[in-house]
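Shared between the two complexes below is chain A, which pairs with chain B and chain C, respectively.
Our next item is the complex of A and B:
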């Protein structure tokens, strides 16, 4: 029997605001000592009041708009109670009843639409490190702003699950709401998978694989779950609804120890935080700050840049923004330089944070277009534009200083060629060529290149030589 | 809603409280009284009335996204914990 998988994904995105969601504490704990980014609000001293970070609301609006979502004019916070050492308050402040982000959709590169059920703001929990017989608690991450994005069960393959997570990551990075560092858990995915016989109207029993932090592991975990569940159903057994963990090394999901009691979070309205009421103007003002999204770039450049190159570049918002600033006639050659030269560099990450100006890039492409620079020379000048010693001089000056400008002036070229043809040592080659020895043209071009100190454009030289020796 | 000793035991477990039988009994009585008192509101017809989530009629109380140095230090935090190790809070192994 053929089974159709159905997949829904919850994604937590850490927002890159300066401060936490409810306290005026540094939200960027990268490279900082444990428990050094905490306030009494974070560690829940009695009587402490949370104070809502207005920037997180603006980030949420932008994130929502990036996913074509409705922004709810009225939203508010609730307490979700649970006891665990990662949460000193004993509850998480979240938006259970009235989330800020409503329904929308994400369009995958393939054109498939995955609908968003809603997304809400909430505080992250602290970090636990487990040892043999104790655990250590670091509260730096407590109340880092998160948005949790809940998809509809619209996904039906492991590849689409992968593509959805990757597209979400791109959307959040382009919208500028997260640092997007997956390795450090800036985005984490919980994946619900079930399978049902083809044609069945009822969904199968689902399992939830929690806390995946790479697109690849999402894809592999879904593949594994589909295979595992298929095997169970084919053996006439039943899939058990459970929460699973993923082991990247073994490539398997394993049951996490189930909590002895059913979930009972005792949600209640958060009394310390007044509700959020957004005017249409406020929402529109924030939405207008949203830069072009990957889908916009696909529309704009889809006919100019090859699909593969475009999808590679779409992982880098800064490159797409730069490409958008470059003259439209140079977009194609620039995209190739970005994809095959810049991204191949060892220091590409460093380079990406400080790209050359559009003016320099246009100048470079223009020189290449006019054949003043060979393709090798174009690459060389391009890389020099990232060299702190040289970059400020501009593309044209760098090309000149390095002596890379090709001689294209036909008058000047002809003069050089005539000089070479006058030389006795070229006479024999000229005779040979006239007698039908095609390949000696290479020798003559070489002589001209030498005479021009390598600045002549070889293809132009060859063309003129052929005419002269006819 | 029936409140009995099992209710209190369930809630205590969710909050990881250790309660003696005597405390459980006392709290059962207390909670019954509290819920009973609040339940008087059930006599009112609230059909079509929007729930009240807060009584101050405030909204949009936000702050700027600026870091402010905290008077309380990590040492103050760690001083409140039972046990610490490497600047972290040490707890019995969980999960």
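Our next item is the complex of A and C:
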């Protein structure tokens, strides 16, 4: 029997706001001592009250708009209760009843639409590190703003699950609401998978694989779950609804809890925070700040840049923005330089943080177009434009300094060629060429190149030589 | 109140207060005496006065702080075992404002643990005694603060009022007690009981003192998003003409002497030319039920942070994480705390949320509306504070329902967010204080205080 998988994904995105969601403490704890980015509010001293960070609201609006979602004019916060040392208040402040982001959709590169059920703002939990007989608590991450994006079960393959997560990541990065560092948990995915016989109207029993932090592991976990559930059903057994963990090393999912307990979070409206009421103008003003999204670039550059190159570059919002600034006639060649030269470079990550100006890039393309730079020289100058030591000098100056500008001036070239042809050591070759030995032209071109200190354009040289030796 | 100046030094005021605190030690008013710091601060103020520098509006005024206000002076315990050992690194906004004006905290006052109670008998430190009759309760939960003012140890005391915790002890001890409009004074740094009901207020000996304290403490605080922009100091007081009385409150459940004093006061007001308006407020009979759903729900939530992990008491017995939670909370909370935690969890649990919490929230809206309607017919409402005057220690402590009934006439104000002032109006034949509650529309706090003079 053929089974159709159905997949829904919940994604937590850490917002890169300056301060935390409910306190004025630095939200960026990267490289900081444990428990050093913690205020009395985050630490949940008695009598402390949350103060809502307005920047997080703006970020949520942008994130929502990036997913074509409705932004709700009225939303509010609720408390979700559970006891664990990563939750100092004993509850998480989240939006259970009235989330800020309503329904929308994400369009995958393949054209598949995945609908968004809603997305809500909430505070992150702290981090526990477990040892043999004790655990350490780090509250730096407590109440880092998160948006949790809940998809509809619109995904039906591991590949689409992968692509959806990746597209979400791109959307959030383009919207500028997260640092997007997956390795450090800036985005985490919980994947619900079920399978049902083809044609069945009822969905199968689902399992949830929690806390995946790479697209590849999402894809592999879904593949594994589909295979595992298929085996179970084919053996005539039943899939157990449960929460699973993913082991990247073994490539297997494992049950996280022995029995699926129905947790009761005892949700309650958060009485310390007034409801959020957003005016249409406020929402529009924030939405207007949203830069072009991957879908916009696909529309704009789809006919100019090859699909593969475009998808590679879409992982880098800064490069797409730069590409958009470059003269339209140079977009194609620049996209190739970005994809095959810059991103192949060892230091590309470092380079990406400070891109050269569009003016420099245009200048470079122009030189290449005018054949002032060979394609090899173009690549070389291109990379120097990212070199902190050289970048501010401009493409032309760098090319000059490196002596890479090709001699295209026909008069000057002829003069050099005449000099070379006067030289006794070239006489024999000239004779041989005239006698039909085509190959020796290479030797003569080489001599001209030498005389020009490599600046002559070899194809132009060959052309002139052939004329002169007729 | 006496404020320090060239002739009366702050040191003298503070010393007198400290001596009286010592004299009345057996009343168990204080959980902590701030002797050293208080004398130091008094000396500083005296030095300022001697140098001719400007001092605050409360310079050298000794006051008592209910032990659920955070400040680094002494431990903040909320009279709860589970907070033993907790010294706060932060100061409550309200305390900051008082101290900035030169008020000097003499001591922290006893309360029902986490303000759960109406008699101060639920304290980890044992009960406080009524200032007028040692055998009786001071009311609660701010029993220590009320007694501190009534015993004349201090000029004023802070309190918190979630369902009557300022007004009822004020009337039991014969002092003024104000529960302001919700959001008038910042809750930042005050141990939360039920956040949507909690109000910060004061105990004073005169309406004038109350006015001064309110003008200092009220106003918007960026640290408390539920605070209102300062209206108190911009209030225009309109001359009240019509005083409402609630028909349903005149019944058998209310002590005869309280009913009598209410009728006398109404008659006096009528003689002064006020119109007495009889009000039908049929929803108010549900207020107590609504309150005992919403309040425990918020209580259970707010008490979740007391887990023995980061501060306060942790059970010695605990050997693993589950034990830390179970043993710490089992040993650290008082029976009344546990009762409310259980009720709260029940009404919030997923199968019961709609039937209890949600329904109570809707009924609360009706109560808000009923008050709005009532204030179209009158300017203020005069009611009993509670059905009884001070009762005997131990009389109700084992009967939670009888204790909850103490809140019958006070909780609806917290649900509606309207202000209420407990005013001492007389004495029983045995000399026990009798108080009445003056209720006004939201933001009418200043007018309420001014009108209080009409009742004396």
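Convention: the second predicted complex is superposed on the first by the 466 of 470 C-alpha atoms of A that agree within 3 Å, B and C clash if a C-alpha of one lies under 4 Å from a C-alpha of the other, contacts with A are read in each partner's own complex, and residues count from 1 in each chain.
In this text, a contact is a pair of C-beta atoms (placed from the backbone, for glycine too) under 8 Å apart; a residue touches a chain by one contact, two chains touch by 3 or more.
All values reported here derive from a predicted model rather than from experimental measurement.
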| item | value |
| --- | --- |
| Partner chain in contact with A:432 - chain B first, chain C second, else both or neither | neither |
| Partner chain(s) touched by A:90 [first = chain B, second = chain C, both, neither] | both |
| First, second, both or neither for A:38, with chain B first and chain C second | first |
| First (chain B), second (chain C), both or neither touched by A:208 | neither |
| Winner by number of chain A residues touched, once chain B and chain C are compared | B |
| Partner chain(s) touched by A:81 [first = chain B, second = chain C, both, neither] | both |
| Touched partner set for A:267, first chain B, second chain C, both or neither | second |
| Contacts of A:49 with chain B and chain C, given as first, second, both or neither | second |
| Which superposed partner A:137 touches (first chain B, second chain C, both, neither) | both |
| Which of chain B and chain C A:128 touches, first, second, both or neither | first |
| Chain B and chain C contact sites that coincide on chain A, given as residue numbers | 40, 43, 45, 51-52, 81, 83, 85, 90, 135, 137, 264, 266, 269, 271, 273-274 |
| Residue ranges of chain A touching chain C (in the complex, touch as defined) | 40, 43-52, 79, 81, 83, 85, 88-91, 135, 137, 264-269, 271-274 |
| Partner chain A, residues of chain C touching it in the complex | 68-70, 76, 78, 83, 86, 88-90, 92, 187-192, 194-196, 222-226, 297-298, 300-301, 303-307, 309-311, 321, 325, 345, 348-350, 353, 357, 361 |
| Chain B - residues contacting chain A, complex | 10, 13-16, 53-54, 56, 58-68, 70, 72, 74, 77-78, 80, 85-95 |
| Residues of chain A that touch chain B when the two form their complex | 17-19, 24-26, 33-36, 38-40, 43, 45, 51-57, 76, 81-85, 90, 128-139, 256-257, 261, 264, 266, 269, 271, 273-277 |
